[in-house]
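One structure is given below, encoded as structure tokens.
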Amino acid sequence: MPIANFTIYLFTMFGIYALFAMSLNLQVGYAGLVNFGQVAFFALGAYTSALLVVKAGLPIAVGIIAGMLASGFFGCLLAWPTKSLKSDYWAITTLAAGEVIRLFALNEKWLTEGPFGVMNIPQPLEGLIDKYYNIFYFIFVLIVVAVVYMLLSMLTDSPFGRNLKAIRDAEDLSKSLGKNTQKIKVQVMAIGGLVAGLAGAIFAHYMVYISPENFRPLETFLIWGMIIVGGRANNRGAILGAVVIQTFYVSTRFVGNYVPIGSDLMSAARMIVIGLLMVSFLIFRPEGLLRERKKTYPDEV
Amino acid sequence: MEISQIIVNSLIRGAELSLLAIGLTMVYDILGFANFAHTEFAAFGAFLGFTFNSLLGINLLLSVVLAALLTGLIGILLDLSIFEKLRARNAKTLTMMIITMGMGIAIRNISRLIWTSSTKNFPMPLLQPLKILGARITRVQLGILFIAAISMVAFHLLLHHTKFGKALRAISDNKELARASAIDSAKMVQWMWFVAYSYAVIGGTMLAIEHLLYPRLGFDIIIPVFCAAILGGIGNPYGAVLGALTLGFAENVIISLDFGPLFSLGGLFDVGSLQLSTGYKPAISFMILILVLLIKPTGILGEN
Amino acid sequence: MLKIENIEKSFGQLKAVNGVSLEIEKDDIFGLIGPNGSGKSTLFNIISGFYRKDKGEIYFDGERIDDLLPNQIVERGLCRTFQVSRAPERMTVLENMLLAAKNQVGENPLNALLKRPMVERSRKKNLKKAKELLSELDLFHLKDEYSGNLSGGQKKLLALGRIFMLEPKMVLLDEPTAGVNPTLTNNILKGMQNLREKTENSFFIVEHDMGVISDVCRKVFVLNSGEILAEGSPEEIQQNDKVLDAYLGRN
Amino acid sequence: MKKSLVFIISVTLLISSFMSFGTMANEGKPIKIGLLVPMTGTQAVFGQDMLAAAKLAVEETNEAGGVMGRPLELIVEDTETRPSPGMNAAKKLIEVNDVPILTGGFSSGVSMPIAEYAQKQGVPYLLAVPTSPDFRHVGKNILSVTVVDTFKGKAVADFAVEDSGKDEYALMFMNNAFGQKLMEATEDSLEELGAEVVTKVSYELGKVDYKAELRRLFKNDPEAVIGTWYSKEGLVTIKQAYQLGLVNPGEVPWYVAEVTTSFADALKEVPEALTGIKGLDPLEPKQLFSKKFEEKTGDKPVTAFAAQYYDAVRMIAMAMNFANSTEPEAVRKALFNIDDWYRGVSYGGDKRFDEDGMQAHAAFRKVIIEDGELVDYKVD
């Protein structure tokens, strides 16, 4: 069943990227906060969970939750100094913060093992389920995606979600209507952080090994591609985008088997396509594949 | 390290960054969005210059000028084909910013596709350094300082003694008014892209000459360049130069400082020498950026 | 009710507001007029907390508010509109109204997830009120339209509607009829007066259209070059020589 | 929702069809082995070189009759020098292409998770370049054609101390798994020899400015420098060190753990800056491989890694012939039997494994750089 295994692996990765993309989508799509360093949150979730489980011997569930909290806390921390600034500054600050987290993981060997990475990260229930572990993990990820999707939909449909859209479309209007926009921005960075941290922790326990190399800025660009192609302010769009971009990314591997093109060229070409996809979607179909849904209230009163 | 050496190193770093920051700050100011592809075009232009110089055998200065002009033209073309339309559509700054990010990814990888990931080295004589006031400096670095100085004087003249410069300053001073007035702002904006990218190419080439040329060069300097522009106050080209020099100085000082005495609390504890790991060097500009944003987001020369 | 004392504000060399003092009582409509660049909008931005004053004090309901953030000022019942109406591109008219509702349970993300029944109840209540207000403002037929697609006048009406969702004690209206066609202008004024009678709150209107002001305002302040030039009833103002010279004389 | 469902289904079909192509081809004649190469990312520079060497080995194997009478074929996958794509590559090779054995690899950080995975899947992985001592403990399926870092560290420390007789050393190694282990090993060996390490500098890969690192390196006035680089970083470092006036091998000698790897670019670009620098390179017996490689590709191999890739592929082919099987476990066992027979082209050519599947022997060549050429060097 090797092919089935590979397919399950791919679909598990779809799920992890879908979580990751949804976290960015909440910040960018709903609240209009440009975050070019989302990979930092992913990394924090992954490292926190991995280190707590491997080094402190805590249960995996505790690790995952701690990973989420660490990443959510980092969101607050990052949002604090920038909360009153224009969104351009967010873009730059987050881009830089993403690199700082990676540098920290690379340089603080006493804590993170530096470039060696964290090895032998335990997997949930690994002793109990043996043969079909891939399938088990895939189902686990699927359930997490479904739950997160549901919770995020509840959030974005709520007055909180409406406040986010108002900040995105007209920040001073929200202020004039009594919204504490700074607090809301901190909240949304925290929630986005929680979800990205969750994605990171799940990733770490799936890969069994993480190192700073996993968290290069490239990952952030990939998920940007996902939400722009899939559709901003639409969680289904984020999931669809994750599937499309990830499929494109992996399938170029297969193309390489049939078309004689150097692998370096292939990788460059792949990123050119993703860059151009971002640009042309924003010009010709800014809403993405799945557009933001209009919220209507049927006559119920 | 000798203080004279710190000053020389800071000057060189500052000179390279300022030519990049000038264009970034102009575009940011006039069009209202951060151009994340700015440094990528600098690297792209440096590659063009390298190609002219070492493959076609054109003289180095001429190659750089040609590359700068060509990249400037690309800037104009991109404005005509993309940004002008988006401005007409009143696209949000967020959209513009993400487009430049996407564009940056594409340009970076186009360079990779054309010139491959392997590094290029501008053919330069490798010479032992000269010693000036105790500081070591190479002839190439002296040349870089010289060209940067000339470029900055030229920019000053451009800003104050040409129709373009006057229009640019007018728009910068009062954007509402300029939009309403008869100034042909579309044409002016295109000139601005041209100047911004040409200067970026000069800066990028200087970086490539001093160090190395490779496709990710543009991405590696994006944070310092932004930091310099913000430090100097967005929209202020002189501020950008000052910001770049300040950043260069800060980077060099912080990395050579020994924090040991500070943490020993006046000799109470023996902590030995305590220096920031050089691995954190790229993080210095980020720390400065955060500090500026916290204390004075309008930059050193900016108004409140 | 609103007391402004000696407010000053400069932008670089330019003194936009230069020592303005004025007082506004409860339950009536007041006007603020002045030529372009006289500092009206700047003053509004200072009162509503969008700009920081350089000097001076502002009191609302006896409480000092000049150091508060915009949202804190709104919480105390002092609300504003903008000269160029803000209209979120991808939010419907009805969502705009719901956005403005005060103290919604579901604005806290935790409540939105955990206190679903309460959120639902508050939503129903606000929905009812929003629909009623929309009907009164003659916007009900547009309730599912994106607010970004409305005309300028409709946006101004919507701005008024949002303000009333907030149940304010006092409203600062920044040129509520500028650039609006006469029919809609009437709608806006009528809506404003109707609602004011019902809710007994005060209005402070910036206008440059003297006609609008004299129709609805009890008292008018005239601002010129950042200073109060005159104050009084619309009739008094229209006969004030200084005002005629500085402002009306040019028309 | 319907649309996205249709989309997901079509994507699945697309992927499966690609994959079934893969397996159908698998039933054809050639015997396939999986090769992991960094063709992109930070170490792409070496990728071409190593791939060419592996292809040369395949060609020679096939000219000599192939494997069990069938042609040998490489399935090449790019690791992008990143763990996740590396893992994707390995999974694809094992699960889709169903290869009986993996080889190649470059950075230990990328290869470690792959090794863990291959061990679990029961597929042997013959490491061609990664050198972390940790591979020893992953499991029986992990074997190596190259010596671990501890060997190299000891070798360069011995050379430096024996040659220079100095006591105070400054070390400069890259901040990745390879560099850090090598630095540890070098430091330990130096201390055993009674010498002292006065400064340790770890540098981040891929930067263009190592002036700060170089100043650190010389801060405590070391009597000699030991370090290693990858080609690009080596070029920048030596250029800037030279311009800072820090390269005076007459006064402060430099010893480099892997000369060709460190200075592949620098030897071409700035040979004058390298004069007098000494170091080690894996010994390639009689340079036979380099000659063949040059005939084939027109260039000399850039680094010694090429020879290691060549060895890995030749050894796998030989093992399959010995075992007369492509069954993973049989091939793995056979690798232990061929090692007395096979004469390699890297590290002196002795390719005998120890009981953990690691290399037990290594021979180095001591060189000094003169006029951009590596010249054999003898310690007096």
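Order as written gives the chain letters A, B, C and D; numbering starts at 1 within each chain.
Here is the rule we go by: contacts are C-beta pairs under 8 Å (C-beta built on N, C-alpha and C of every residue); 3 or more make two chains touch, one makes a residue touch a chain.
Worth saying up front: this structure is predicted, and the values here are computed from it rather than measured.
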Legend entry - Shortest walk length in steps over touching chains, chain A through to chain B: 1
Inset, instruction - Considering only mean CA positions as chain centres, point out the chain farthest from chain B. - result: C
Inset, instruction - By the contact definition above, name the pair with the higher C-beta contact count: B-D or A-C. - result: A-C
Legend entry - Centre distance in Å when chain B and chain D are each reduced to the mean of their C-alpha atoms: 37
Inset, instruction - Determine the centre-to-centre distance between chain C and chain D, using the mean Cα coordinates as centres, and give it in whole Å. - result: 71
Inset, instruction - Could you put a whole-Å number on the gap between the CA centroids of chain B and chain C? - result: 44
Inset, instruction - Give, as an integer number of Å, the spacing between the C-alpha centres of chain C and chain A. - result: 41
Inset, instruction - Could you list which residues of chain D touch at least two other chains? - result: 40-41, 44, 175, 202, 204
Legend entry - Residue numbers of chain A (touch at least two other chains): 103, 106-107, 264, 267-268
Inset, instruction - Go ahead and list every pair of chains that touch. - result: A-B, A-C, A-D, B-D
Legend entry - Contacting residues of chain C [partner chain A, same complex]: 48-50, 69-71, 74-75, 79-82, 86-92, 94-95, 98-102, 104-109, 112-113, 116, 119, 123-124, 127-128, 131, 143-144, 146, 148, 162, 166
Legend entry - Residues of chain A that touch chain C when the two form their complex: 151, 154-155, 158-163, 165-166, 168-170, 172-182, 187, 191, 233, 292, 294-297, 300-301
Legend entry - Residues of chain B defined as touching chain A within the complex: 28, 33-34, 36, 82, 85-86, 91-95, 97-99, 101-110, 112-113, 116-117, 219, 222-223, 226-227, 230, 277, 279-280, 282-283, 285-286, 289-290, 293-294, 297
Legend entry - Interface residues, chain D side, partner chain B - complex: 40-41, 44-45, 175, 201-204, 206-209, 211-213, 215-216, 232, 235-236, 239-240, 242-245, 265, 269-270, 272-273
Legend entry - Touching residues on chain D, where the partner in the complex is chain A: 1, 3-4, 7-8, 11-12, 14-16, 18-23, 37, 39-41, 44, 47, 75-78, 80-84, 87-89, 91-92, 94-96, 98, 108-110, 112-113, 116-117, 132, 134, 175-177, 179-180, 202, 204
